[in-house]
Amino acid sequence: MSIKVGVLGARGRVGQAIVVGVNAAQDLELVAEIDRDTPLETLVEAGAEVIVDFTQPGVVMENLEYCIAKGIHCVVGTTGFDAQRLEQVEKWCAQDGAGHVLIAPNFAISAVLTMVLAKQAAKYFETAEVVEYHHPTKLDAPSGTAIHTAQGIAQARSEAGLGAMPDATEQALDGARGARVDGVPVHAVRTRGMVAHEEVIFGAQGQSLTIRQDSYDRSSFTPGVLVGVREIARHPGLVVGLEHYLGL
Amino acid sequence: MSIKVGVLGARGRVGQAIVVGVNAAQDLELVAEIDRDTPLETLVEAGAEVIVDFTQPGVVMENLEYCIAKGIHCVVGTTGFDAQRLEQVEKWCAQDGAGHVLIAPNFAISAVLTMVLAKQAAKYFETAEVVEYHHPTKLDAPSGTAIHTAQGIAQARSEAGLGAMPDATEQALDGARGARVDGVPVHAVRTRGMVAHEEVIFGAQGQSLTIRQDSYDRSSFTPGVLVGVREIARHPGLVVGLEHYLGL
Amino acid sequence: MSIKVGVLGARGRVGQAIVVGVNAAQDLELVAEIDRDTPLETLVEAGAEVIVDFTQPGVVMENLEYCIAKGIHCVVGTTGFDAQRLEQVEKWCAQDGAGHVLIAPNFAISAVLTMVLAKQAAKYFETAEVVEYHHPTKLDAPSGTAIHTAQGIAQARSEAGLGAMPDATEQALDGARGARVDGVPVHAVRTRGMVAHEEVIFGAQGQSLTIRQDSYDRSSFTPGVLVGVREIARHPGLVVGLEHYLGL
Amino acid sequence: MSIKVGVLGARGRVGQAIVVGVNAAQDLELVAEIDRDTPLETLVEAGAEVIVDFTQPGVVMENLEYCIAKGIHCVVGTTGFDAQRLEQVEKWCAQDGAGHVLIAPNFAISAVLTMVLAKQAAKYFETAEVVEYHHPTKLDAPSGTAIHTAQGIAQARSEAGLGAMPDATEQALDGARGARVDGVPVHAVRTRGMVAHEEVIFGAQGQSLTIRQDSYDRSSFTPGVLVGVREIARHPGLVVGLEHYLGL
């Protein structure tokens, strides 16, 4: 039996890709495409069980309030959630006791998995560094994902009782050893042609383990959204971050 | 408080490296180095809590029988365990109810983790392939590790209900698409200078995830042995394969 | 002083990208955009020195005849050139003694350079293998580029007097060691999400050299076309293949 | 017909490896192994055509003076050559008009080729960065090889009239974008288990080219020394740096 899915923001760039993705999945059935002028009631009439919301900060709260009240689960990629908004969503979920909401800043499953797997592997290695590669029009360095990954590694090392990494560097050009994020060196490469790529390099005696993620285009969020749609029934309440769905 | 460790086969090539590794670890204390002419009683006198056995098939069973009976935990890299031997070890463990034995064919932690992480990641991707790289004097292709990795991926895909991978190849040179291990393509590269390396490549819409393991020299088993020594107290009975210790 | 460029097929998908590329280059000046309904005379009136032709096999010969006669140099990515057509173009070039034509099947400069650099490096290494990665909707395996690369390596090895590569494989799963192209193993990986990628791995005692090329999207031909436009003045007559322009 | 080779410092760690390498090469014949107590005359008696010198700064000049005078070509990996010594060697070469000497600080052919190929490729790409990977006991960052590679790239870019690389970074953690060597970002990763590895990443529209070099162990100088032995007859006078032999 397939899951009945409604897409909010179905005419947007991302929404269109989600529509294609849901249509292509044999275990999912697209029952409603909602855009600015479509009333939310359409979702109930169509029997939607899960909605995917890639709309705007200005309308997403209204969407969520409606869907939670109607018992429709919500997979949300729309931005603009601060602590206050998250608290409000949590309340709505608690109210009827049956709200299921996933809000994730990053649905690229390979990027989320890199963070999750790196956290698991971290405690087995003496050293860990992160190298990320992006196009040269990116404004920040390192990327938010790389910083987040490094923080996860640092936390895992700390929990495992690992101390500072060995590093005998005595003579260095400024910047050569990268930026330190909670003690983990992070290097940012800016290369014309590349999109978004991240590599975590772990080292132990006589060996290394590398986990690398490559995003080649903007459609890379689709598989992660579909994981959300398929798994949300098992995750009551508000969950922030796709990593909590990866069952690892 | 440190763990008291005895090394059996301490004069062997591997044993020597283990001795160095145990001595370098602050949470471990080397209390006995056993070789051909050293009586096993030395272990009890020295208060060994865990032994590491890299000896010979001809003596390992005797070592295990003695240690299990004395309540000493056993981390074993010695080869030659068939079903009959494993059954015997299991019986010894059950007899006194307190036997802890880890027998592992591969202690290279990066290689074991690659298998474990690949199994976890497999269900989130449409495609998965394995490429392994070894020196050209290797006799078998693909490597046992690569075959084992592919089998794990295939099993994870099957459990997740994933079907055959997409592959539109119509016109191919013989061998171009690699060997199939339970449906997973495996490619073996033989390159002078390389040692032992394995790469798993997962693909989903717009992205890929790569897990790569490099072994640079023969000392790469040491970190995995130390994981065994540190964790064996929590794993009663006989465990075959380091992956079961990785808590993933 | 900038080079005056005309683009033929300027409304096509590729032509549009070329127009953008020429406009963005400070040393090039776009003087004419020719499409189906634009007379070729526009080129002369606009003072075009070089044209870029990404049109159709049905019109390209007429375009070339006209331009060569007018002393305009031609950078051509249009397909459909067989031996007879190439001979004809060569004659036109010889006729006025001043024809300059570059016809290339592949303008992705990173791919062309991979072939060129691999040929140079080949003679210094005992082993060489090619691994190519493409999306799973590709019909042929290995890719034409990978086959061409392997042939170049084989030729360079042969010219340097290198014999067969060492390979002790005795026991192999069918296909594990890849396809053989003139003795060079070539492996084809098919991964969802990837576009077009090729890796050449050379091995010598204690070391390896890897040359890797990644194409992330269809605009990757632009830089190579601009190399053609900038260099064509130094290459009289007909040249087939961008590699001959790379001055290596 | 094979080349007759003498090895000076034949009992040293490096010398022994050279002896093995020469013996394994079908086109080379080992005719003399010289060590501290062997008179240099042995070389002449044995008919040595080329010597390989991996000795000490204290004896190498004497060795070279003797060999050059006797018309024996010299491939030298011994360290300690300053400007004054090089000038002296040059004089000896000029004196009899037939001196052939190659002095190289780095005989790892994959590392030398990486520099050479990177210099060739540099002018075709908008961006170039270097990432090097070494064991964490290395004292300097980046490695001398990486600095040398970056300088070569910077020079090639300058000769081709390329300006500064695009980099929109506005907000960066200190060190994230690496060290700048003549404008080329260089990143140094320190990973337990690794030996010596270098990667050059070039980017252009829609594509990237990566040249990577891995040294797995200390024997990696042997192939480069053999190139020197085979090619030195074609290179009269003093040549400093194996790259000048690579015919690129």
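Order of writing sets the labels: A, B, C and D. Residues in every chain begin at 1.
Note that a residue touches a chain if its C-beta (ideal position, glycine included) is under 8 Å from a C-beta of that chain, and two chains touch if they have at least 3 such contacts.
Composition by chain, UniProt nomenclature: A, B, C, D = 4-hydroxy-tetrahydrodipicolinate reductase.
What you see is a predicted model; the values in this text were computed from it and never measured.
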Farthest chain (mean CA position) relative to chain D: A
Contact-richer chain pair [B-C vs A-C]: B-C
Chain centre separation in whole Å, for chain C relative to chain B (CA means): 46
Chain A and chain C, separation of their C-alpha mean positions in angstrom: 38
Shared interface positions of chain C, touching two or more other chains: 125-126, 193-194, 202, 204-208, 214, 216-217, 220
Residue numbers on chain D that touch chain B, as the complex places them: 193-195, 214, 216-217, 220
Residues of chain B touching chain C in the complex: 125-127, 129, 131, 133, 136-142, 147, 165-181, 185-194, 201-208
For the chain C and chain D complex, residues of the former touching the latter: 21, 108-111, 113-114, 117, 120-121, 124-126, 202, 204-223, 227, 246, 248
